[in-house]
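Take a look at the following structure, please.
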Amino acid sequence: MTVEWGWFPDHAGELTRLTADHLATAVPAVLFGLLIALPLAVLAHRVRPLRGFVLGASNILYTIPSLAFFVLLLPVTGLTRTTAITGLTAYTLVVLVRNTVEGLDAVPERVREASKAMGTRPLRTLLTVELPLALPVIMAGVRVATVMSISLVSVASYIGYGGLGQLFTDGFQRNFPTPVVAGVVLTLLLALAADALLVTVQRLCTPWRRGTPRSAPKLWKRA
Amino acid sequence: MNRRTALTTLLAGASAPLLAACSSGITSLKGSGAGGDSGNSSGGLVIGTANFTENQILGYLYAGVLSAAGVKATVRPNLGSREIVVPALRSGDIDLLPEYQGSLLLYLDKKATETEAGAMQNALATVVPDGLEVLPYAAAEDRDSFAVTRETAERYGLTSLDDLRRTSGKLVFGAAAEMKKRVVGLVGLKEKYGVEFKEFKALDSSGPLVKGALKKGDVDVANVFTTDVDIKENGWVLLADPRHLVPAQHIVPLIAARKADTKVRRALATLGNALTTADLTELNRKVDKDKKDPDRVAAAWLSERKLG
Amino acid sequence: MLELLKNLAAWLTGPAQWAGPDGIATRVLEHLEYSVLATLAAAVIALPVGLLIGHTGRGAFLAVNLSSFGRALPTVGLVTLVFLAGGLSVWPVYVSLVALAVPVIITNTYAGMAAVDPEVKDAAKGVGLRGRQILWQVEVPLALPLIMTGIRLATVQVVATATIAAYVSFGGLGRYVFDGLAQRDLVQVLGGAVLVAVLAVVADLALGGLTRLLFRGRPATAR
């Protein structure tokens, strides 16, 4: 297997376009995932009986093969980017919901009661006290979800929205490893760069945690 | 193109909208009437292509001639099998597809019996779904074919699909998954030639899986496209088709009627008349063997022929 | 929608669907074969590495970040690359599944080892235990719950991803997803997806049960 290095500079434009395309699918998926996961997680945190159901459902979503997900969405959303984004959003839920619930669980009861004693309304407590305190754990989830989404976008190449994954199909059909190598390397770089960016954002958002030794990223564990 | 085909092309092209109007009832007369000025391509159109390289080359050829005619065209390569792209065309996610007469006809009408190019073009016009239109076909043709290695051909004395019946139950057939249910595939081979295989292996459309499997001996009979350069390189034997299972497979544009204006029709017809099977095979070789990009290969050919 | 579910029920319960070389029974066994072998191979590679890093404390950075790298690696790309390098064989399937599972197991094993209270280790040293004895008699038993979590996580991911075998012409439940996609037979796709999800959930529950059996009567040590 030989890689033709001259192919890379020759296709810089295409690689840039595919990278942008890749992000245009992966980033909205994480954002929509957060939009759905936050209220779900708050619900699961507040209403104990719903907890098992919400966590279980997001776990099961994760076990469905991603390709099947895209295909099953075809009759609903058609051969569009929406299909790709919707499928990826579903996969981000498992991490985002779990981490948000765990983050909220970890907020000490004393803090909540203190806020209540000061006459703060529940919604305000949630937004100004609980969520900020849960932020490190939520952000750890966002990091995992982002890396996962970026890696999974390539599966959407079966419906033409695979971003850098289009290079896999192309190389596969023509028995041509060079584009495949380009796709794998760029996907990895993109995911790791996004992860590093999120770490930086997280540090900026949680100034009160600076100075404490940086803890290992929260492991995504199952109950 | 010989005179006969030219004539049928003309006839078919003229009769297509008329027949479409008849079959779809009076209500559609307003929308997709005769002539070809009913559509409007000023908003540009999106060309979808199926998941094999030749179809992408064709997509870029379409895009090239359309751009030269002043129509903005974008290509969405590698969208999947016909079972995915045709519904996407119907739902409006894409506007134009490079198609193949016979396969398209049998996809739209499982019971179709036409195998000759002109007759098929007429049949296509009657079965094409509302809102879609089949434009005149190209000189170039790419048939499905059934290939065996030279060793297999000698061992079982195979020259035509008829000979396969004698091997019934012994050979393994490899083709894309959709061939399991298609007439030009497992279904037709059984009905027309009485062939039973030991096993059907779901692989790909004349791609690395099916060709790799044939080379390696994992399958004995493989479905490959006649314009595939690997056939010649490996000395594979294409089995003759005396009972006309495989219909003519001239390339036809399948288009959303609302986009098919005179500009688009004319541009695609010019391309269709210029592109021969030999051209297409050569373009395939450049992409599959020389690893050139389909869009560049298409653009170079068009500028060489002063078409784009 | 109702129609689809009715067809799905018919597909899943049809006796003809279960028998034969492309029946559900065969496909489930194939799927299990890929999944079990890949997870076992991954455990054989990852457990010693994780234990070594955890015991010596060297390479902790690698262990913590490896799971992120593993998640970022696009499976489709890896399968394609190994296929192009080695031709038509079952290797691409195993290489990519093992590559998926190894980082998860290493990271969790390391995390389990790192979570062992240093005082406990000191106490073990105090009563005269040597390095290897500390590893096997103190660290591993205490780290086992998290190690098992890693293996469970890896198993679920491998089962959900083993559909990829069908991409390079092999069997398993992915056959239904890929064939259904090509034939636009949604019932088949859905059937395949449901079977994969069920298999993943069953594998998860089975490993969970096994873990509980192993730790019966012991206080919970998970973090």
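All chains are identified by letter, namely A, B and C, in their written order; residue positions are counted from 1 within each chain.
Basically, contacts are C-beta pairs under 8 Å (C-beta built on N, C-alpha and C of every residue); 3 or more make two chains touch, one makes a residue touch a chain.
Worth saying up front: this structure is predicted, and the values here are computed from it rather than measured.
Asks: Can you pull out the chain pair that has more C-beta pairs in contact than any other?
Replies: The chain pair with the largest number of C-beta contacts is A-C.
Asks: Based on the averaged CA atom positions, which chain is farthest from subunit C?
Replies: B
Asks: Between subunit B and subunit C, what's the gap in Å when you average each chain's C-alpha atoms?
Replies: Distance between chain centres: 42 Å.
Asks: Between subunit A and subunit C, what's the gap in Å when you average each chain's C-alpha atoms?
Replies: Computed from C-alpha means, the inter-chain centre distance equals 20 Å.
Asks: Send over the residues of subunit C in touch with two or more other chains.
Replies: 83, 178, 181
Asks: Which residue numbers or ranges of subunit A touch two or more of the other chains?
Replies: Residues 74, 157-158, 172, 175-176 of subunit A each touch two or more of the other chains.
Asks: Specify, in ascending order, the residues of subunit B that touch 2 or more different other chains.
Replies: Correct list: 80, 84, 87, 208.
Asks: Give the list of subunit C residues in touch with subunit B in this complex.
Replies: Residues in contact with subunit B: 21, 83, 87-88, 166, 168-169, 175, 178-179, 181-184.
Asks: So in the complex, which bits of subunit C are touching subunit A?
Replies: For subunit C paired with subunit A, touching residues are 64, 67-69, 71-78, 80-81, 83-85, 107-108, 111, 114, 146, 149, 152-153, 156, 159-161, 163, 174, 177-178, 180-181, 186, 189-190, 192-193, 196-197, 200-201, 204, 222.
Asks: Touching subunit A in the complex: which residues of subunit B?
Replies: Touch list, subunit B to subunit A: 48, 51-53, 76-80, 84-85, 87-88, 91, 93-94, 204, 207-208, 287-288, 291, 293.
Asks: For subunit B, which residues are in contact with subunit C within the complex?
Replies: 80-81, 83-84, 87, 176-178, 180-181, 199, 201-203, 208-209, 212-213, 216, 218
Asks: Sort out for me which residues of subunit A touch subunit B in the complex.
Replies: Going through subunit A, the ones touching subunit B are 4, 7, 11, 74, 78-80, 157-160, 166, 169-170, 172-176, 178.
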